[in-house]
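Note that the chains are named A, B, C and D in the order they appear, and that numbering of residues resets to 1 at the start of each chain.
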């Protein structure tokens, strides 16, 4: 079903890396890699950078997602952004339930349904294989299982806990045969992407390794090429 | 200390009013009123609209604030935006503790201090005169007392509960002689702004009356002119 | 697997009904019904009433659960009660994720695992059949699907939305063949318990119909007898 | 106004220290110290231990407070306990806004007012002198300023940061001449209580030093005697 490796880049809220000119630079580097390799890329900038990132990737197949969505209807909700408002900004999808911004179970379900109705994709995170499977029951477009203890460490889940990935694939496939499975936490290099795909996923969710890189282009390119290699073999 | 009436416009998250072209239109209408009257205007759009609103009001003295700030340091905080990120987007200040997005007391204090260090202004809401005075102790730039039961009703606090305004001014001035005092909730017309200023405040915090208006320009203009009248008399 | 109908009584926080002598009276009435019918009864009082309710039902097979558990380890957690503390108070299990006290997905999973390790049962609520199935993937002892819009209305889910019950059973059984399935929301009389069991569940989660009843004994007895009837037929 | 030193003992949620027989033992030790010294003692056990602690101190002037109160009215609020329910359990007051369980500003105000209406005392925590003064504006019975970075360290605020105490007294007295001022964080021995009182407070809020002590009696006695000494001199 998935024909290309997926690299989803969570910009998080690093300063100054995730904001302003830095955010634009990551988008530009990504665009270059997309033009050179054609892998599926999802950029996930802070709310305030959505429009400038979209501007950069216009005309490509790169997708832009929001980092979170509040479980609210539009209206008198000062400081919250409903999915309708995010869609108006131009996003293609939304990351939900990241370990740094967890959601209540009922709200995850509500947001997946609402997003689908608006034509937005959902990439939902989970902390362990079991919650990954629970999420999969709710039929999002993608599930990413990320052990929180490895997030931001630079120790890739594919090396430190490959059994988390294989177990995630096993439990998720028992309840959902279609959802796209990603993995993340500590993903740092192309070889981590290669390993993640070989262990049964369609790609990775990555953050600091790209966002805080001296040369984001090189890291993304390395990941893209290794992803393609893993898919072809 | 304050020489001009203040009209602060909270865009909230009305759909489609607060987003996209509608947000830009409100900014344009406001700009026109500013050019014609010179009143102090603060625009408070959703995060995703900050940059486009700033683009419109460039070159004017209109200020743009964020609707909320998360009490977080920059870093691995998916879906949150630290003050540094908001500042990078270009804002001049931030609205805090709106009744639709209340904050913990310790976080209000932390955010006021942090904003000040970054050169950002703070406009902090409170629900009753007592909490308005508590906020004033923390020395934000502005305090706005808004009875939640009147917010969004179109019944102006200045008519329905003028004693809330006078009591707010009384309690706040006991503990802080400098903070700018605004009021809000149900403010709909120029005469409400006039009354609010006559009751001792420097202006108003207003939302739906402008944001959902057929002709925002007319409403803002009416409020600006009445504010000036109240200041002059 | 389940041999007797289950009636779980959520005391909630009605005043004065859920507290003090009233809580003790409900426990006494329940004890009498248990002695007369032998149905499986779970009492779920406020934290402050756990010990006095346990005192009343000592020597019976009636179980006492807490209404909620905070996802915290023991320690410096002022105002929170970890599962170890609840266990020390004598409870047999815990209600989790009630629609009035929803939990994050990762926390539901963590609490189910932790409770199991401590020898405590878990009864986890869900708002719709889909989230009921998601919860079932996490292997609690019991799942109760309760449409929030019917909770507290007196309009029983078994009459107003029987398809919610049949769909819950269908989706939950796809992913978990062993979990005990309850239903709730608006359950008022014995006939609602009868219907709930006939639609495929093992019993009900009920609150105000018993807790605020003039004669709790009569309501519980009616529910117990109808539950037995449904099980036997 | 305050004639005796105050020692408020926050049991927190240490396991097994704060629960069951351990909680009862602390209450007994405290009772003995009260009989021997007559100092003002406030015991703050977990919800589940309120009744057994009250049982122990019956007939004394020792007060029992809850560790937290949820800002809710009685009703369909599963897992929350409104002030009415806590009062029914027999408490004399409530600790609010502890740094481990912070509250929103509006809720602190609401709870103080509601508690007063029910005849319950309020002891409200704050993290720094400024928020201590903000709280004092809301007129609780007591304010306790506790620097979070010292809580649980065994490094007493009175030694490490005496200026926090003097500054708290200074700022609080500017806005409220009657509120009782306590301090806390790292209070370990009698001499810390002595210092706290000499710096201008009426006593201390203490937790692990008593709750996790091998011999709670000795620690409480030491604190009581030093408190009396500081008051007399």
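Quick note on the criterion: a residue touches a chain if its C-beta (ideal position, glycine included) is under 8 Å from a C-beta of that chain, and two chains touch if they have at least 3 such contacts.
The structure presented is a predicted model; accordingly, all values stated were derived computationally and were not measured.
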item: Same-site or different-site touching of subunit A by its copy subunit B, using the half cut; value: same
item: Centroid comparison with subunit C (C-alpha atoms), farthest chain; value: B
item: Gap in Å, rounded to a whole number, between the CA centres of subunit B and subunit A; value: 35
item: Computed distance of Cα centres, subunit D from subunit A, in Å; value: 46
item: Of all residues in subunit B, the ones touching two or more other chains; value: 99
item: Inter-chain touch pairs (all); value: A-B, A-C, B-D, C-D
item: Residues of subunit A defined as touching subunit B within the complex; value: 10, 12-16, 18-20, 46-52, 66-68, 72, 74-82, 84-86, 88-89, 95, 98-101, 151-152, 207-208
item: Partner subunit A, residues of subunit C touching it in the complex; value: 97, 99, 102-109, 126-128, 130-131, 133-135, 137-138, 171, 174-175
